[in-house]
Amino acid sequence: METFVQQLVNGLSLGSIYALIALGYTMVYGIIKLINFAHGDVYMLGAYVGYAVTTFTGLGFFPAIIISMAACAVLGMLIERVAYKPLRASSRIAVLITAIGISLLLEYVMMYFVGPEVRSYPDVLSKQHFELGGVVVGVQQIYIVVTAVVLMALLQFIVKNTKRGKAMRAVSIDADAAQLMGIDVNRTISFTFLLGSALAGAAGVLVGIYYNSIDPLMGVMPGLKAFVAAVFGGIGSIPGAMIGGVGIGVIETLVSGYGSSMYRDAAVFALLIVILIVRPRGLLGKQTGEKL
Amino acid sequence: MALLSIEKLTKSFGGLTAVSNVDILIDKGELIGLIGPNGAGKTTVFNLITGVYAPSYGTIELEVDGKLVSLAKKKPYRVTKLGIARTFQNIRLFKDLSVLDNVRIAMHQRVGYGMPAALTHFGRYFSEEKRLVAEAEALLDVFKLTEKKDELAKNLPYGEQRHLEIVRAMATKPRLLLLDEPAAGMNPNETAALTAMIAKLRHDYDLTILLIEHDMSLVMKICERIYVLDYGVVISEGAPDKIRSDSRVIEAYLGEDVSAPQDGEA
Amino acid sequence: MKKILAIVCVLALAGGMLSACGKDSGGGDAKSDTVQIGVNYELTGDVATYGNDSVNGIKMAIDEVNANGGVLGGKQIELIVKDDKSDPAESTSIEESLMGDGKIVAALGPATSGNFRAVIPIATNYGIPVISSSATADDDITVDKNGNVREFVFRTCFTDSFQGKTMSNFAFNELSAKKAVIFGDTSSDYAKGLAANFKSNFESLGGAVVGEEGYVAKDKDFNSVLTKIKGQDFDVLFVPGYYQEAGLIIKQARELGIKQPILGADGFDSPELVNLAGAANATDIYFSNHYSSLDKDPAVVKFIEDYKAANGTEPGAFIAMGYDLGKYIVDAIERAGAADAKAIAKALAETKEFSGVTGTFSVDKDHNVVKSAVVIKLENGAQVSATRV
Amino acid sequence: MGMITKKNILILLSIVATFAVVQVLRTMNILTNFHEITLALICINIILAVSLNLITGFTGQFSLGHAGFMSIGAYTCALILLKYPTMWGFLAGIIAGGIASALVGIIIGLPTLRLKGDYLAIATLGMAEIIRVIFLNIEITGGAAGLASIPRIANWFWMFFFAVISVVFINNFIKSSPGRACISIREDEIAAESMGINSTKYKVMSFAIGAFFAGIGGGLYASYFFFLKPNLFGFLKSIDMLVIVVLGGLGSLTGSVVAAVLLTLLTTFLQQFTAVRMILYALLLVVIMIFRPKGIMGTSEITDLLGRIGRGKGRVE
């Protein structure tokens, strides 16, 4: 039982990070139907910005996370403007290839400048651990989960209650109609990239601090898993991405904890395929029918 | 035995009942109209007959070799195989393919070579392809489209796209043809030409036709019987003269002048 | 917008190509006063870290040699460096291009056993020696499946069986461990080789492997498996793999309260291991290695200091091994007395007591190196003892 | 119409001529072993690209799992070759690899091909990852260490032979009635069904044929490059193939061939630019997509272009 609770704690902290990355995927996919492969690399860059801030300026956790979010927000908008916007009218697959190109570009430009080796974060958060009835919980884990929850709540508020957020939802349902209603579609899309990338930046810093290890290719696998999480929860749905992220985190943990750790990734993908077949819109996604 | 018999056909989407308790009987050789205001459920009936939707309740049966075969849970391609073809209200041609390919694709079920010949082009490939082209050209001739067989479907003028939809449906060799607003967007001259064309097809190919149409002039002129649908329910059925004077039909069209065929709704 | 973008992109491309040419230009005519050596490593792709480290070590050694007057009485050494993207097909293709030109006298790399295997047939075909400083797999490297030694294939590293045996002996004899858990990198043949050899030897000694778990390279979260391991009864945890993950495993294991000794092999050797784990967590860690920073051999001290001066960090195993590889090939060229591939291969096979920073070694009849290992113990992140075995 | 037309003779002649020219240059050693490897890679990439183009470009089913099929063919062929290192073993291995891959394609295709667009892409990606993890963990394939010392029996002739066979067969297929059925699914699945086309059957068929040729490509890879490991067939490999297909033009076999040649040459050329090679590659991808989002050829084929010049007028677009 203790072990099980411990595994849930492990899964929750891993899942919170997937959830933060998944939010960016789900929003971007919701609005321009693009699997933004570069998103995982924005997260990587966020981790490096946080690293630079904490290492070279000695600033603490909160300044690091805010500066990293800001930097990633700008980067995300820039990527959209330069690489995706000229392709607004092209086929989705062409945009997808561009996204892959941008992803490789970020990875290898980074590798060119900082080298391929892993780097470790300075200590910015307490490494203290509590033991509650045999279950070990770290202060950092609490920070991660709390930060993730706060950011997600903030995002949910922005999307549901602000004018910009409403514009985002309108564009994601029907961009042409939204344009006719006087919504600036381009600005709304930029705004979506800004929000999603900022969250990825936060996730990057959290990972850097929690796992203490960053490298230029760190975004590839979590990026993929986060997309799985977004699909799992229902693409386009913010609570779905949260549930999907935490779900994937917990499932991974339980598979390695109680099944075979060698087949962890296979299990995650198998689950994804089953979900897609049984319930293609994901847990909380909306049903979309085709008009005949 | 009726060619197509529909009984108590009902379809609901979530809480909305689009089609409710519809009975339709079509005899071989008939030309039947299906009319009704927008959103009455006409296209849904087509989608139910052709297997795009599964009915919530009721039966759809087609006469095949003297026996009635249920269409209720059949996939669209199976329904087509049994002899029902359709056109679409909002044209669904294979836009980026040539006119000829559009027609040849619809002949797919009657192609007499298998995978080995498809991969190697040995065996009966060339003789069969030759036959397909000849048959396709014969059908295209009816609508004077043979000249344009190498053009992409999307480059045809609107009216010709509608014609091509009919040719494509004909290429499946149907016994029952479902036409979904074939005259939509056409001017009176084009509509008149189309009317003649439909009559000719029906005669030449021994067809039974079920037609959805808003253009009353067309419906009243060529249909032998008409079903009127409103809010998913059949509110009237009978010969054009009877429909024209039915108060419930007039009420359904509320203020629309259905008594004068020449200036009906386009 | 598009036009500006086009100009920017074209400029970036052109700039990139130019700078690349300037930096590590491969081509150029072979002048008679240079000796060319091919360097075929994983500089991008999933094992880029090892390739880059190795090449940095090699370059450092060759730069020193060139600065000190080169080889064979004044000839400079020219390295032709190419990147195989961590893809064996590219390794093969590069090796063909390097050897097919007929200019190089020896080729170094790739770093991983798999990619190294992909170049072996080419080297054999051309009769040009090929050496790796990190292809540790037991089978099918220097000796083919029928037991014949490959004339032109050499390596300077330990084999997996040697290190696996060393660490299982150490665990059983020195640490008196009877039950071990293995938690290794399943995506690396090096780690899998170590795990298999550790297990078979540990069991033949009378110990028991009570748990076998796996992770894949670039994983960051090991908590779930460690939680599972924590619930088991065992004496030592053996982690075959590289420092990137091992550092995190040590950190997470200690934070979860796993107090048993953690064992590893030379993949642990990097200053980054302790940075990743945190100094306090890096306690009761044992790993086999070629040399120790406790070593007071002046050559080792000088190497570490030179590297530190140039890069700001201490060198890891791949860098040190790469450095020795560079020095070793130069030594072989000198002993061969000519820039001739066959003679160099012969000299390599006849190596006796070559002394490098990673230890002194001879080459045996199977073209494997005979050298002793040290088992290093870490306490609070520092090397506190180094036992020769 | 018939098999012997001017066009077909011309095509046959140019194929034979290409082979002959390379063969002569090879014997004169103007083309070295290194060039042969590059040519072999080109042939393998052509096979993989045209087979993926059948699935994604012609049938419209977005697959990110092609590396999975390639790996099945590669491992099957390698295992057979290691046991029977002869010419017959090689040919049996190639065919068995193709068949094994096609079977897996059918097994995976049946449940997943009901998915559409990006959902299918992510499901196929997951499928390829599962295959890779399985190869990583089973004994017979050597796990992470992979399979080494696979006898090299494939040579330039076989590479060329299978590349030509793949292109010809797939080209024949898309110009046949089942092939047109596949294309109609890409154009409009509902309309295709209404025209009597069993969309599931043809999607699975296209998937199986694509997988078959990907398996052959994998088998050739195994028998030429001595060595296999599961990580070769990761998600980036599938992406590489997709890049070739999109760059060439979805729905253009000529495009796939041209792009396979260009990208393979580019990759080989970039080997010397160690640190910046991937940066240059990535930049090129982005630039080409922005300026030619439909790929080099769009959906046209070389035969269309020749025809256009012959008729002296453009195709109506």
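Note that the chains take the letters A, B, C and D in the order they are written out, and that residue 1 is the start of every chain.
The criterion applied here is as follows: a residue touches a chain if its C-beta (ideal position, glycine included) is under 8 Å from a C-beta of that chain, and two chains touch if they have at least 3 such contacts.
These figures come from a predicted structure and were not determined experimentally.
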Practice prompt. Count the C-beta pairs in contact for B-D and for C-D, then report the pair with the higher count.
Written response: C-D
Worksheet item: Of all the chains, which has the CA centre nearest the overall CA centre?
Response: D
Worksheet item: When the C-alpha atoms of chain B and chain C are each averaged to a single point, how far apart are the two points in Å?
Response: 72
Worksheet item: What is the distance, in whole Å, between the centres of chain B and chain D, each centre taken as the mean of its C-alpha atoms?
Response: 41
Fill in: Inter-chain centre distance, chain C versus chain D - centres from mean C-alpha coordinates, in Å
35
Worksheet entry | Approximate Å spacing (C-alpha centroids) for the pair chain A, chain B | 49
Fill in: Shared interface positions of chain B, touching two or more other chains
52, 88
Worksheet entry | Residues within chain A bordering two or more other chains | 86, 108, 111, 262, 265, 292
Discussion item. Going by the contact rule already set, what residues in chain D reach two or more other chains?
Written reply: 136-137, 190, 275-276, 278-279, 283-284, 286, 290
Worksheet, complete the sentence: Contacts from chain A onto chain D in the complex sit at residues 29, 33, 35, 83, 86-87, 90-95, 97-98, 100-105, 107-109, 111-112, 224, 227-228, 231, 262-263, 265-266, 269-270, 272-273, 276-277, 280, 290, 292
Practice prompt. Could you please specify the touching residues of chain A with respect to chain C in the complex?
Written response: 3, 6-7, 10-11, 13-14, 82, 86, 108, 111, 115-120, 123, 127, 129, 131, 136, 138, 207, 211-213, 215, 217-218, 220-221, 252-254, 256-258, 260-262, 265
Practice prompt. Would you mind writing out the residues of chain D in touch with chain C in their complex?
Written response: 32-34, 36-38, 41, 136-137, 143-146, 148-149, 152, 221, 225-232, 234, 267-268, 271-280, 283-284, 286-287, 290-291
Worksheet item: Which residues of chain C touch chain D in the complex?
Response: 2, 5-6, 9-10, 12-13, 16-17, 19-21, 23-27, 43-44, 46, 81-90, 92-94, 96-97, 100, 113-115, 117-118, 120-122, 125, 137, 140, 144-145, 185-189, 191-193, 214, 216
Worksheet item: Which residues, counting only chain D, touch chain A once they are in their complex?
Response: 56, 62, 111-112, 114-115, 117-119, 121-123, 125-127, 129-130, 133-134, 136-137, 190, 235, 239, 242-243, 246-247, 250, 275-276, 278-279, 281-286, 289-290, 293-295
